Structures are given as structure tokens and as C-alpha cells.
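By written order: A, B, C and D. Residues from 1 in each chain.
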Amino acid sequence: MTLFRGRRILAGAMTLVAAAALAACGSKTTDANTSAGVTADVSGDTVKVGLLNSLSGTMAISEVTVRDSIMLAIEEINAAGGVLGKKVQPVGEDGASDWPTFAEKAEKLIREDRVAAVFGCWTSASRKAVKPVFEKNKALLFYPVQYEGLEQSPYIFYTGATTNQQIVPGLDYLKAQGAKSLYLVGSDYVFPRTANKIIKAYAEANGMTVLGEDYAPLGSTEFGTITNKVKSAGADAVFNTLNGDSNVAFFKEYKSAGLTATSMPVVSVSIAEEEVKSIGTQYLEGQLTAWNYYQTTPGAANEKFVAAYKAKYGADKPTSDPMEAAYVSVYLWKAMVEKAGAFDVEKVREASDGITFEAPEGLVTVDGATQHIAKTARVGKVGADGLITEVWNSGDPITPDPYLKSYPWAGGLS
Amino acid sequence: MTVLIGQLFTGVSIGAVLLLIALGLALTFGQMGVINMAHGEFIMAGAYTTYVLQQVVTVAGWSLLVALPVAFLVAGTMGVLLEILLIRRLYARPLDTLLVTWGVSLILQQLARDVFGSPNVQTRAPELLTGNIALPGGITVANNRLFILALAGGAVVALTVALRVTPLGRRIRAVVQNRDLAAVSGIATARVDRMTFFIGSGLAGIAGVALTLLGPIGPTMGTNLIIDAFLVVVVGGIGQLKGTVIVAFGLGVLQATGEYLTTLSVAKVMVFVAIVAFLQWRPQGMFTLRTRSLA
Amino acid sequence: MTEQLYGLSIRDLRVSFDGFTAVDGVSLDVAPGDIRFLIGPNGAGKTTLVDAVTGLVKATGSVRFGDRELLGRPVHRISRLGVGRTFQTSTVFEELTVLQNLDIAAGARRSWATLLRRRHGVPDEVAEALEVIGLAGRADQLAGTLAHGQKQWLEIGMLLVQDVRLLLLDEPVAGMSHEERDATGQLLEQVSQDRTVVVIEHDMDFLRRFARTVTVLHAGRVLSEGTVAQVQADPRVQEVYLGHPVDAGSAPTATEA
Amino acid sequence: MTTVARDPATDVDPTPPVEKPAAGPSRHRFRAAAGFALGAALLFAVAPLVLSDFRLSLLAKYLCVAMVAVGIGLAWGRGGMLALGQGVFFGLGGYAMAMHLKLADAGPGNMPDFMMLYGQLDELPLWWRPFASPWFALPATVLLPMAVAFVLGSLVFRRRVRGAYFAILSQALAAAMVILLIGQQGTTGGTNGLTDIQGFFGYDLDDPVNQRMVYFIIAGILLALLALTRHLMQSRYGELLVAVRDGEERVRFLGYDPATVKLVAYVVAAGMAGLAGALFVPAVGIISPALIGIVPSIEFVIGVAVGGRATLLGPVLGAVAVAWARTALSERFPGTWTYLQGLLFVVVVAFLPGGLASLVGLARRRTDGGRRPGPLVRLRRSRVEAG
């Protein structure tokens, strides 16, 4: 017994001594942030970049396609001579649909592999999880998915749409079509809840009424009740921010309840060509989506992208907005590095403002102040062939405004 | 009022889905004590069977009808393989079947991902089943829900009849009530176990076919269902189908009502609280085969 | 061992499962210090009677041990009133040692402070029980490695250290060799000096040698009661057992309901 | 009730046997002390020297998982309660700690960033306020999970909900907890959870030196928990717990209330999971619903099964090994980890129920020359329920 107690005290003492000794050297939160970033390893004739996507778990469905298009861009760039004369060497990691794993893998890519930039993440939760890692290590993340805005990190470039490039134009379109009332359906997570706050503020300022707002847990596939509520509310249109599997169940239920694109159109912001394929045109035909890119978007750049993608991954594989944004993000990084003449993160950031690229979605311009991208908003309609055709666009690229500062009605939101 | 009646129907149809996915478990867990976490993946196998068949039989209505027996066979065969390869070794330690079959379910999910790809696949439902019937008073009843209700009802009746009338059914019931006595009475319990597993897993396959009418068909579709299914069986009590049926519909209506009054999230939590409360009252579930071994 | 001896008094005991009445109005008295044997054909309700007395199944009527009513109390409370039992299948803790088994049995009244400390040495009552049941030499052996008879003795030993005043033993000599039966019988006689013992047994030879009184149950009712000789002479008992020869030494193999 | 004699040879015991002192207590104690010193040396001296900052922070994360595993080993390995909802307690501890650290980061009187973004709250919600004080938050990381475990445990154990029923209920609890947390995005951060934690009681967590300090605290607490668990396992209570696992009804007939016995182990395990969650937060900088649902809760169990559920060190080594394998394999073969994880579950639980520890036991017995009655003798399960 005595021996036992002794050990316990020993352990406690060791902990305290070790902690105290080390704490004495550690910096306090009040100190100026002195931690130096990790510099990328560019000593050889290659430069490493990190690809951080979920290859397993629930998000793999979407994120694998993003990984594919990033790989396509890297291949094209390498075939054309690389970046600053160096071949780009991708280092892939699996985020496994688990946010802390994303943080762990981000740290690994930055500190162990010493990559020059990381491309990836899909969900807001994974981005929020890795954001401190990139900020702490002063490393770059290119995030390719439309998101809820209200964020601006010096070490993240957002190549997908922020709210004023997707949701607000979508609402503008509905308003122009004469919609007076809306029903909001979304998955229970950050993006839909934030999007719906914006929608409610917009509706209030524009004389529309929101008749109801429902959330389903992520992955939920039981939409009987929600459809019932939607139907009895009788809104002019439904604004849908559901994610993933839930969309399939929702649209099957929607059709069963006798609701159609003509009687009550649904505008979705998370359904791209890939999702249309897995839900089935039987259920989606005629419904609306709001994005910045469709496979059918006209232009030489897109024809080239679609052809290259299908050649590499199969003729039955559609291209979609997040894939395109991911593809574009690699080219934007290349342009920034070349303008800066170096892979150094701070120099790349300084060089970013005003970089343009003739993307498949049309001309995009990097806004150095927000590190978002000016892009054209598009509303499309799902056709019988599973492709989405544009029915409206914003004309010019919309300047990103992640905090909606230029919209008076959004004053209370951020 | 219209909405309330509509909600009642929604509740019943949620119940029918719960019943379909829980029925097989009521047999394998309720009667054999095996906690098969791969049951959800057997459902998935049924759904993918529908998808594959649709590539061959292109008329949606026929492919769905053909898929029912085929999915039963496919999932049932998977169940028998699982029983022979693993579960047979584990009858003495039921809790461990939970962990082993969870491992199996991970493997099956990844297998589905590698074979069919990560994205969900789509099947075409026959047009008849995508419509609805309008009742007086503005109430609509979805055809696919009616179909599933009928399917669930049919499965329960078929299972009940099979258990009551057929020689196999009598043997299954004998083994459930007293395995040792059945064994000394000359019943090959191992074979009965295998058949029970075949039927239980086969029912999961049928549930999978039905679910293609409602939701996504993908590698992870089973994981969302398995806990709900187990809760139904646990609350329903073991050894009898009656409890499973009542509880499935009860929970369905409870969830639909809760969801209508609050939100789906709150409704799910409500259902959980109700279950804990219920088990306080009847720890062995609603109906339990009263044998002294359970006293 | 100066504690007072109590008797068991059962009045109009009824137990039913889903409409089937397993015990149907049994009344019987076991005198303090008696060794009472309960016999009867399969399905007579013997084990159910013991289940009811120990709180394992719900029952109506009255069961008094000394002046305490047992019915309606939870199992562990009844146990703390000094009523202990064994089961047909041995139920020692096979992955604990003999000593640990006995120590646990002895400790139901221990405080948490005691429980959370390690055991030091062998408590007196445990040492005593080890001697009585003849397992002193095997104290550190895992109970699962004991021979069948030794397990049954360990069970009885656990009841002794538990300091029960009423022992209810369900077929204690089933599957034992002749030598083991004798040893068990002597153990019962020794135990009954300051305790009351009720034994369910099919083994007629064992019964003839060690029973002081016998109650015959049939179809949930008391059929006959008295000394061994009285019961054997009872024509109703002979009738019931006709076609059910219960030979000495034949282990029961069928389910008793 | 079965009186049909079961053949002891075929009636395989479900749970691996309890370790038994091999020799006299003094030798045993010496061995334990030596093992403990060795573990301390490895954790405090070797690991920090050998591993890079990044790998050391990963090890800190693994050790948190190991803490949960120690508790599961006690509740499941010794007590037979397959706690499949430990993520709930891990989460409660983690959230309690993260709430305090978020408030500390924000500074007195301020609100955490996400609340203003997503909640648009004018003031801190009432139930957040106590967490501003470390004197409330720190004890809460342990006491809150213990209290929840106490309430749930007293409800279910007293009503004799056990075995599969208990496992499934605890799983459902994890699912319900996740849904609740996600639904309250404004005050809990929703699916994002609480992220971007900067400081730990005034120390900047970005500083590698402070990360190292966090690692040492975690290692020290893990050792202390091991010592506590070892004591519990070897106490009379530990023996009683095994007895309850193997024959709950029998223990009841001995005059104990098995519900209380189980409750203690369950509550202690919950406390350990809570502590682990609390320490996970400074080590990794995030707590989110993704860490506490059904899947992570089952994953806590796999390490325990692999290492050896009924042993003291098995769960710790198993948890660290599985977590390490996951990182290593998913770095090299992303995507195939799922297969391996599944196979690991199947192979270990089906064919090696005693875990890797039973291999060690096997080897040791071989060297002992089979002198003592090996617990490997397949014992038959006490079938008290059959009474």
C-alpha cells in the first residue's frame, strides 16, 4: 500500500514539475503572436501541394469529385510546365468526414509535408476546424465550396460563392418571378441556418413573407411531416438548403405529395449535376438551382474543362459548381505564385488582388481585400437529361461581400 | 384538421417503414439474441439489388416486383454467410455480436463504395407509385407510402403464418422458447438458426427495395436506420411480433406528432426520452414471451 | 452460534405465469432447525416455490420467516433478512477464486469504505467456512476449476458466510458421486444445527438418509407431508409417482415447469 | 429454466478471465511499480525526445482516447456494461472545458465569436454564465458527465435494463445528444462545435512549448487514472464488480444491490471520459458533435477490445495502437482504413475476445510451465438467469 501511494505522489509530482518547468517558457496569450509560420519546402524541382478531402464517410460522395477536378488541374498545369518551373506534386489526405481529422491532417500537410498550399474542405464545419491551423501556421487554404459567408481569414481563399453571389441573386430571381411567399427547408447545420437568416431579412425588406422554416438533422431521410407542412402552407416557392442524402428523400416525398415545379417551385442551393444524377430527374425535372456554374455554361473554357474531365474520369461523369471552383482554385494559386514570383505565403497573398482567370464559369477576379472571388450568379432549371440549363444570370460578375455590408437590409446579421 | 389527418397518415407510414426495417431484427435479435449491426447493410444490399436489376429490367414497375424476391434472396444469403462464418461462434456472447457485426457493416459499406461508387445511385420508381390519391377534404395519400404500408402488412402476415403453420416455423418457435429442450427433442437447432437468419436478413432486403421509393440509395443508407430499428425491437419486447408491430406504429405516430408540433430534432429526442421512460415501466419491452428463464 | 432459530411459514402461496398457475395455494410450515425436503414430479412447482420465497417471482399469499413477511420485498432485501438459496446449476463466480467468492458472500453489509479497499488476509468467518466445506486447501484456486461437487459446497459455504438462517437448496447433489453425496449430507446436518434447511431433491436415496421431514408437491399443491416413512406410505404419493420412477442416482434431465 | 446440463467444454465463456496475481503480492507489486515507472519514463522522457511537435500533439490526442478506454475497460471489461455512448460523456467534459476557454478567449463581458455570428444573441445565455469561472468549469468537466451517468444509470440499472438493451440505449443517448447539440447552433456552435480555441488558462496554445505542457498534463493525468483504476480493480469492490458481471442475480441473492455496484463503475467511467474530453480540447483545439455521436462512441470501444477489455493496460495500449494505426494507415492508404478497421473488429472480437493482452497471458503461462490453473481454461458461464 505504501508503495502504491508513493507512486501516485510520484506521478503527481512529475506532472506538476514538468508542467511548471515548461510553462515558464511558454508564451502567454497576451504576448504578441510570435509563432513563425512553417515555410514550404521548395528546395527540389517539385513543389508539394496538399489535397484535403473526405475520401471516406458521409461526405465522400461530394468531396471525391472535388479531389478529382483538383487532380485534373494539377495534371494540366504540370503538362504545361508546372509553376515557376517546378512540377506540382499533390499530397492527398483523407479528412474522413470528421472535422477534428481535418484539423489533424491539415497540420500534418503543413508541418510534416511542408506543402505550399492546401486545396480542399467542403463543409463549413471542416473549414472552421482547420481555420485556426492555417492561421497558426501561416499557411494557405483554397476552399472551393459555396458557403454561408460571415468569414474572412487572411490564410483562406474562398473560390466558391459567398451569400451575395448565390442566395441573394436566387432571391432576386424569385422576386422578379413574382414570388410573394417562401417556405424554408434546410439541413440542421451552419449553412442552412445562416442562409435562412439572410433569406428572412431579405424577405422582410422586399415584401415577401416566410411561411415556415424547417430543419432536418443531417442525413435524415424522413420528410413526410415537413412535406405535409410545406404543402399546407401553400407558399409560392420553397427555398431548399438541404444537404446530401436528405435531398433525395425530400424530392421523392415532394413528388408523392403531388407538389410540382409548376405548382410550387423549389430553389435549391446544394444540388448540382452530381446530385441530380443521384436523385433522379424523375423527381427533379423543372426544379430550380442557384449556382455560378453549370456543365452547360457556354464558353470555350468550359468546353475544354468538360471535355478534359470526361476524358479522364468517364463520359458519364458530370461536372458541377464545386468541382469547377476547385479546378479554378488551382489555377488561381498558380497565377498568384507567378505574379509574386515566389511560393512564399505572404508574397502570394500580396499578389492576389486583381488576379483574373478565364474560368469555365466565365471571367473570375480575385478580390484581395476579402480573398473571395468576383463571380457571375446563375439560376438554372433541371432538364429531363439531368443537366441544368441557365434561365437567368446576373450579367456581370458580382463583387464578393461575405458580410453583406453593402446590403442595407442585412444590417442586423453580422 | 386536414393537416392533422395527413399527419396521422404520415405517422402511420413512418411506422410502416420502421416496421419493415425492424421486422427482420425482431427475428434475429428478438428470437436469437443476436445484435446484428450489419442489418442496415442488408437493407442497403436490397436497395442496390433494385438498382442493379433496373439496369437489366428497364420497366420500372416490373423491376421493382422482380427486385422483391431477388433482394430477399441476396440479403438472406448474406445473412446466412454471416451466420455461418461469424455469428455461430458468438451465440454464447451476444454483446460481442454487436461489435463483430459492426465491423462487418463497415466492410460492407466500403465494399459498396468500391463497387457502386461513393455517390448515391438512382432508381426510377414506377409512375404509379410516385403519384397520390386525393381523398375528400383535401387529404392526399401518397401511393408509395400506401405500397410500403401494404408491403409491411404483407410481411407481417406472411411471417406470422409461416411461424404458426409451417414445420420450419414451429421449429423456430420451439428453439426460441427453449433451445435446449428443442435440441434434445431432435430439432437441428443449428439449421433452424441458419434459416431464421436467412429469413430475418431477407426481410431486410425487402425493406431495402421499399426504401428506394422513399430515400437515397447509397453506401451509408443503412447506418441511419439501424438504431431506430433496434429501438423498435427493444421497446417491442422479444419473442413476439405483436410488440414490434405496435411499437413501430406507435413510435411513428409519436415522431410525426412531435415533429409537427416542434421540429424533427426535438421529435427525435422526445422519442428517446419516451423510450427510456417506457423501459422504466416495462424493462423487458411491451410484450415478452413469459418463460421462467426471463424471470 | 447462539442466534435464535426461525421457522418458515407459508400460507396460501400462489404464483402464475400468463394464466398458468405454477403454485396453487400452497401452505406449509418448516420448523426451526428442520431439514425439510421438497419433492414432487416435474412441474410440481418446487423451484417456483423457492423462487417466490426468495423474491425472484411475484406471488400472492404470505411467506413469513420468523416474524418477518418476505413477500413484496426485493431480492437483496430478503437476502439480508437471512434467506439464502442455491440454484440447480451451480452459480459460483467462476472467474474469482474460492476465497474471493466467499469474501464477497460475507460482505453484503460492508461499508463502501471497506469495499473500496483491498482485502487483507482472510476474514474469520470465511476461514471458518473454508474449513466446514473442506476447501481450505483450494482457497486461491479459481472457482471455475473446481469439480462439480466442490462448486456445490462452495455455494453452501457462501450461504454460511452470508450468515443466512434459512437455506433453500435446489438439487444440491445432482450429478454428484456417492462419496460427494455423503459429504454433502453430513454438511447439511452440521449446518442445520443452527439454521433451517429446505432442500429440493429428486434423489430418493439421499432423501431417505438425510431428510427429517418431507413435503410432496403435485401440480402446484401440497399432496402430502410428514416424515419419510409417512410420505412413502401415502397412497396418493404412490399414485402420482406411478410411471415416474425416481431412482436413486438418476440425474434429472428434463425441464421442470 | 434449463436443467438440461450444458456441456462445460462447449459452453465458451464470454468474457476473458480476470488477471490473477501470479505470485506473492510483493513480487506483484514490484512488477506493477516497475511497469508504472517504465510507462512514466516513456511518456515523460522518451516520447518528447523522439517525436516531433506534431507527432507529440497527436500522441496527446491518443492519450485522451486512452483515458476513455480505461473507463470502458472498467465498465465493460470488469462490469459487463457495454457502454456504447461514452462519446456523450466525452462531449460533456469537452464542451464544459471549451465553453470556459471560449469565454476566457473572448475576455470578461464579451461573448464568443460564433454566438454573435450565428446566434445574434444580445447577451450570454444563462447556462453559459457559470462556465466563465474556472472554479465552476473545471469541476464541471468531470462532475457533469458523472451526474448524467448517475441519473441514466440509476434509472436503467435499477430496472435491470442490461446487456444488449443497455448497449442500444446508450447508443441512442449518443444520437440524441448529437441532435440536441446541433439543433442549438446559436449557443453550441451546431455542427461546427466550439473551435478556434486560443488560450489555456492564460497560455497561448499556438506556442509549441505550451502544447508540450498540455501533453505532459494529459500524460500525468492518464497515469493517475491508471493508478486509480488499478486500485479499484484490486479492491473488494473490483472483485464484486466481476461477480456482478458474471452473475448479477447471484450477487443479488447475496444481499447486494447490483444496480449500485454497476452504477459506481459506470459513473467512474463517465468521469474519466469527461476528463478526457476536457483535456482533448486544449490538445486539439476543437470539440464538436462529430466527436460524440454513435460512430466515435463505438470507436472508443474498439481500442479496448483490441487491447484486452478486462485488463488494466490493455485498453490503454489498444486505444493508442488503434488511433495510431488509423493515422498511419490513412496517411499511406487513404480510403482503405475503413476495411482495416472493420476487419480489426471482426477478427479481434470473434477470434481473440481477450484482446492482445490474452496473447501476452498465453506466452507468460507457457513460460510458467502451466503450474497454476490457467484462466485460459474455458470456463462455463454462471447461468444464474436460468434459475
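Everything that follows uses one rule, which is that a contact is a pair of C-beta atoms (placed from the backbone, for glycine too) under 8 Å apart; a residue touches a chain by one contact, two chains touch by 3 or more.
Note that the structure is predicted; figures quoted are calculated from it, not measured.
Farthest from chain D in terms of Cα centroid separation is C.
Averaging Cα coordinates per chain and for the whole protein, the chain whose average falls nearest the overall one is D. With centres set at the average Cα position, the gap from chain A to chain C is 71 Å.
Computed centre separation for the pair chain A/chain B is 36 angstrom, with centres defined by C-alpha atoms.
Separation between the centroids of chain C and chain D, computed from CA atoms only, is 41 Å. In this assembly, the C-alpha centroid of chain B lies 32 Å from the C-alpha centroid of chain D. Counting partners per residue, chain D has 1-2, 4, 6, 13, 15, 179, 182-183, 231, 335, 338, 381, 386 as the residues that reach two or more other chains. Within chain B, the positions touching two or more other chains are listed as 110, 178, 180-181, 184, 263, 265, 268, 292.
Across the assembly, chain C contributes residues 51, 56, 118, 253, 255, 257 that each touch 2 or more other chains. Only residues 56-58, 60-61, 64-65, 188, 214-217, 219-222, 224-226, 228-229, 231-232, 245, 248-249, 252-253, 255-258, 274, 277-280, 282-283 of chain A touch chain B when the two sit together in their complex.
By the touch rule above, chain B contacts chain A in their complex via residues 2-3, 6-7, 10, 13-14, 17, 110, 113, 118-125, 130-132, 134, 140, 142-145, 213-218, 220-221, 224, 255-256, 259-260, 263-265, 268.
Residues 1-2, 4, 6, 11-15, 82, 84, 152, 155-156, 159-161, 163-165, 167-169, 171-173, 175-176, 179-180, 182-183, 294, 298, 301-302, 305, 335-336, 338-339, 341-346, 349-351, 353, 381, 385-386 of chain D touch chain B in their complex. Residue ranges on chain A touching chain D, taken from their complex, read 3-4, 7-8, 10-12, 14-16, 18-19, 22-23, 25-31, 33-35, 55-56, 92-94, 96, 98-100, 103-104, 107-108, 111-112, 123-125, 128-129, 131-133, 136, 150, 188-190, 193-194, 197, 215, 217-218, 412-414. Taken in their complex, chain B has these residues touching chain D: 29, 33, 35, 86, 89-90, 92-96, 98-100, 102-107, 109-110, 178, 180-181, 183-184, 227, 230-231, 234, 263, 265-266, 268-269, 272-273, 275-276, 279-280, 283, 292-294.
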